[in-house]
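Next, two complexes with chain A in common: one pairs it with chain B, the other with chain C.
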Partner chain A sequence: MSRSYLFIPGNTPAMIQNLDVFDSDAIIIDLEDSVNAFDKDAARSLIENFLTKYAFDEIKIYIRINSVDSNYFYSDVNQTADLAIAGYVLPKASVKAIKQLNQVSNKKIIPIIESPMALLRVEEIAKQQNVIALLFGAEDYTKELKIKRTLEGTEILYARSIIAIAANAYKLDAIDTPYTSKDDEEGLKTDALNAKNLGFNAKALIHPNQVAVINEIFAPSKTEIAEAKRIIKKSEETKQGAFSLDGKMIDLPIIEKAKKVLEKAKKYHL
Partner chain B sequence: MKEKSLKKLKIIKTIDELFENEEITLNKNISFHHHLRNGDYVINYVLQKYIDEEVQNINLFPSAIFPNYKTILTLIKNRQINNITTNYLNGDVAKYISTHGLKGKLKMQTHGGRARAIKEGKNYLDIAFIAAPYVNLKGDAVGYLGKTRCGSLGYAIPDSLYAKIKVLVTDNLVDEVINNPEIKGENIDYILLMDKIGDRAGIVSGTTQITTNPLGVKIARNTSLLLAELGLIKNGFSFQSGAGGISLRVTKDIKEIMINKKIKASFFSGGITKYHVEMLEENLVEKLYDVQCFDLEAIDSLAKNKNHLPISASKYASPLNSERVIKDLDIVILGATEIDYDFNVNVTTDSHQTIIGGSGGHSDTASEAKVTVIVSPLIKGRIPIIKKRVTTITTLGKNIDCLVTERGIAINPLRKDLIKQLKNTNLKILSIKELAEIAYHFTNIPKDITKRDKIIGEVEDRTYEIIDYLYQK
Partner chain C sequence: MKVSAGSLESSDCLITLSPSKELKITIESSVFDQFGDQIHEVILETLKANNLFEIAVVCLDKGALDYTIKARMETAIKRMRENNE
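And now, the complex of A and B:
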């Protein structure tokens, strides 16, 4: 249960050294797109050395390895296999790719749904062993569809909806695609709220300055926390499965939702 | 008095003409201001004459020295300069002095200390050359008008009052009345005409952009949260932030708090930037007290906004001036190259003992503001900023209240009141040693390579106390 997943290039010592100061709930150290071919080996060594020496208890660290079709996949997995990380983020995900990764690793997996085919197979992907979340990759997805990516995101509405539904159906975290316009805070807020309203519970980020906004949006608001507290209190008082509060019917799903809100509030010190 | 002065005022066209009237060898304690910063043409023009005439035993009193002031380096290398007294220096002159020293010594003062020392004759000035972008025939001058306008002339005003000979140097002599001149003609002896006194492109300070660096953003956020938690951002508060990227980000964050809570500040002081001007124009602050403009927007604002006021270095920070602005300052945000376990701050030298700056108003404002906050990343270029003992003390630790970094906040144990106020905070408050340990966890403890064999200068606080020495590296 993380709100923010911040990508950090695997070949940037200054960023990696500070990965725990950006307030992101989870960090994805990248070995894929942000690292040039000639730098892949140096990045692997840097990550291995850093994560061997330094431990981070309050932050989940993932590594985005290169895709199973690349020349770097096995080297990425082999050199990071013994590191105490939360799991791998797998680009260009497919059922076959996840199975291939599961053959060489037992770590948790966050597949990136970033192709039309992956979207068609998203339910099957969600069911694979070790999969703990689905991450939407809108840039590659729209590239494959040969459609223009817009900041409004109407072209990805369907894909977002399906991914959020699949993730929620299989009790996985639903992680929205990054918002690439890094200096547009208002745009980021709108984009994140759109995703939240479709069922995403987290968002991937490409810049540390986006973390505060995302953490706020994907955390329960003060009103939500107060409401949840009232629901739980009334539930405990009435000891009934269904009851009325302010003229609204409260039943088990709403009580469960309220519990989750309070769980999140506790986790994020709200 | 005025009539006498007016009779004396002479308009001259060359530096040669000046020294036909005055004996150059009797005028070797020379002052300049730095409001044209790296775009200044006046200093090199004047000092070339001293080079050509091979004048010996010169003592310089520039308010600051920038890389473009190349004639100073020539004079030092020629062994024509004895002592330099200034508030700030960087570039080749600073590097050369760091490795070679001077024939005499380098004295680093504060802006307020310089104003005081000039008034009290401790800095005795034979001749002051005052670059002035807008001068009338009476010798009245302002800095915020004219083609080479540079904003406030605050640092030059003590020189214009107390030097033995005062020379305005201008490229813009007008036959107009100047209301409320910063420099008063009754004090001026000569107006020296030049084709151009400077290049406006060089006037802009190099650091006047709000940082977007994630660490800087985090530090700024921690700072604004700290100030809010201490209850300092309230109606009528006063604030100074300087022009560093993190400081300006703090200003931006505070602006948001002010808008949200409908708070209006009483004044901002010191070096003024476009961000401060924006807040004045948005009615978030009543007055800007401007001792130097850091960008062109601030300069233009000074010319048109009656609540944007130029002030002298004395009115800004001189301990002698009972109306000095900073005595009413609530908050000042300052930077640090190094800070030590006793909260002493260095902004004068780097860790290799090269001179890279100086106090400016650092020690002045820290001494007087109710709360002084140092903002800095914990590690800069693989070097922790916290040391057991700073290389050079610029500002005494007793005047520093808080250190805000990306990994936590340290409060000076002397400020028991602040510590008490923050007892139940969610902010990450650590001791300065604990913060240092976090840095050392990544960097280990760097070996101290400071050489303390040969003294080349001293750091004089605004009280005249020598608080540290500069050593040859």
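And now, the complex of A and C:
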């Protein structure tokens, strides 16, 4: 359960060695798009040496490896296999690609749903062994559909909805696509709220200055926490599966939801 | 043949290796007075771990920590060996 997943380029020591100062719940160290072909080996060695020397208890660290159909996939997995990471982020995900990764690793997997075909197969992807979350990659997805992205996100509404539904149906984390205008805070807020309202519980991000907004939006608000506390208190007092609170019917799904809100609030010290 | 790894970005270092009949380590760093010995030690240890004793190493340091220097050394050595294959 993380709210923010910050991408950090895998070959930049200045970013990597400061990964614990950005306040992101999770970090994705990238070996794919942000590392040029010539320096893939250098990035692998840098990450290996860094994570061998330093440990982080409070932050979940993932590595985005290169896709299974690239020339770098096996080298990425082999050189990072023994590192204490939370798992791999797998680009260009497909059922076949996840099975291929599971053949060479037991680590947890966050597949990136970033093609129309992956979207059509998203439920199968969600069911694969070791998959713990679904991450939407809207840039590649819209590129494949040859459409433009907008702030309103109507062009990705269907994809977002299906991914959020699949993730929630299989009790996985639903991680929304990054918002790429790094200096547009209002746009980021709108985009993140749109995703949250569709069922996403986290968002990936590409710049540290986006962390605070994302963490706030994907954490329970003070009102939500107070409401959840009242529901749990009344539930404990009445010891009934269903009861009335302020004229509203409260039953098991609402009580479970309230428990989740309080779990989140506790985790994030709210 | 020369090979390199790393960069001149802040917190990084650029390591260049070239053939030599003896061990030569050259370090340029703005923090040489404070950390020159430590940088030298990391380079030497990495060379020893890779059984390299006749080689010239130039390290242009921009404030790299030990793990970065070691990583850049290992990458440069790997590239040199691949070039020699």
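We take it that the second predicted complex is superposed on the first by the 270 of 270 C-alpha atoms of A that agree within 3 Å, B and C clash if a C-alpha of one lies under 4 Å from a C-alpha of the other, contacts with A are read in each partner's own complex, and residues count from 1 in each chain.
The definition used in the following text is that a residue touches a chain if its C-beta (ideal position, glycine included) is under 8 Å from a C-beta of that chain, and two chains touch if they have at least 3 such contacts.
What you see is a predicted model; the values in this text were computed from it and never measured.
Participant: May I ask you to decide whether A:Gln17 touches chain B, chain C, both, or neither, giving the answer as first, second, both or neither?
Facilitator: Both partners, chain B and chain C.
Participant: Once the shared chain is lined up, is A:Asn209 touching chain B (first), chain C (second), both, or neither of them?
Facilitator: So A:Asn209 only meets chain B here.
Participant: Just to be sure I read the superposition right, which of the two partners does A:Phe136 touch: chain B = first, chain C = second, or both, or neither?
Facilitator: neither
Participant: Is A:Leu46 touching the first partner chain B, the second partner chain C, both, or neither of them?
Facilitator: In the superposed model, A:Leu46 contacts chain C only, not chain B.
Participant: Once the shared chain is lined up, is A:Phe200 touching chain B (first), chain C (second), both, or neither of them?
Facilitator: neither
Participant: For chain A, what residues appear in both contact lists, the one with chain B and the one with chain C?
Facilitator: Residues 17, which sit in both footprints.
Participant: In the complex, go through chain B and note every residue touching chain A.
Facilitator: It comes out as residues 212, 214-215, 217-218, 221, 379, 406-407, 426, 442.
Participant: Touching residues of chain C toward chain A in the complex: what are they?
Facilitator: My answer: residues 5-6, 9-12, 64-68, 70-72, 74-75, 78-79.
Participant: In the complex of these two chains, what residues of chain A are touching chain C?
Facilitator: So the residues of chain A touching chain C come out as 12-14, 17, 41-42, 45-46, 48-50, 52-54.
Participant: Mind pulling up the chain A residues that touch chain B in the complex?
Facilitator: Touch list, chain A to chain B: 17-18, 21-23, 183, 207-209, 212, 269.
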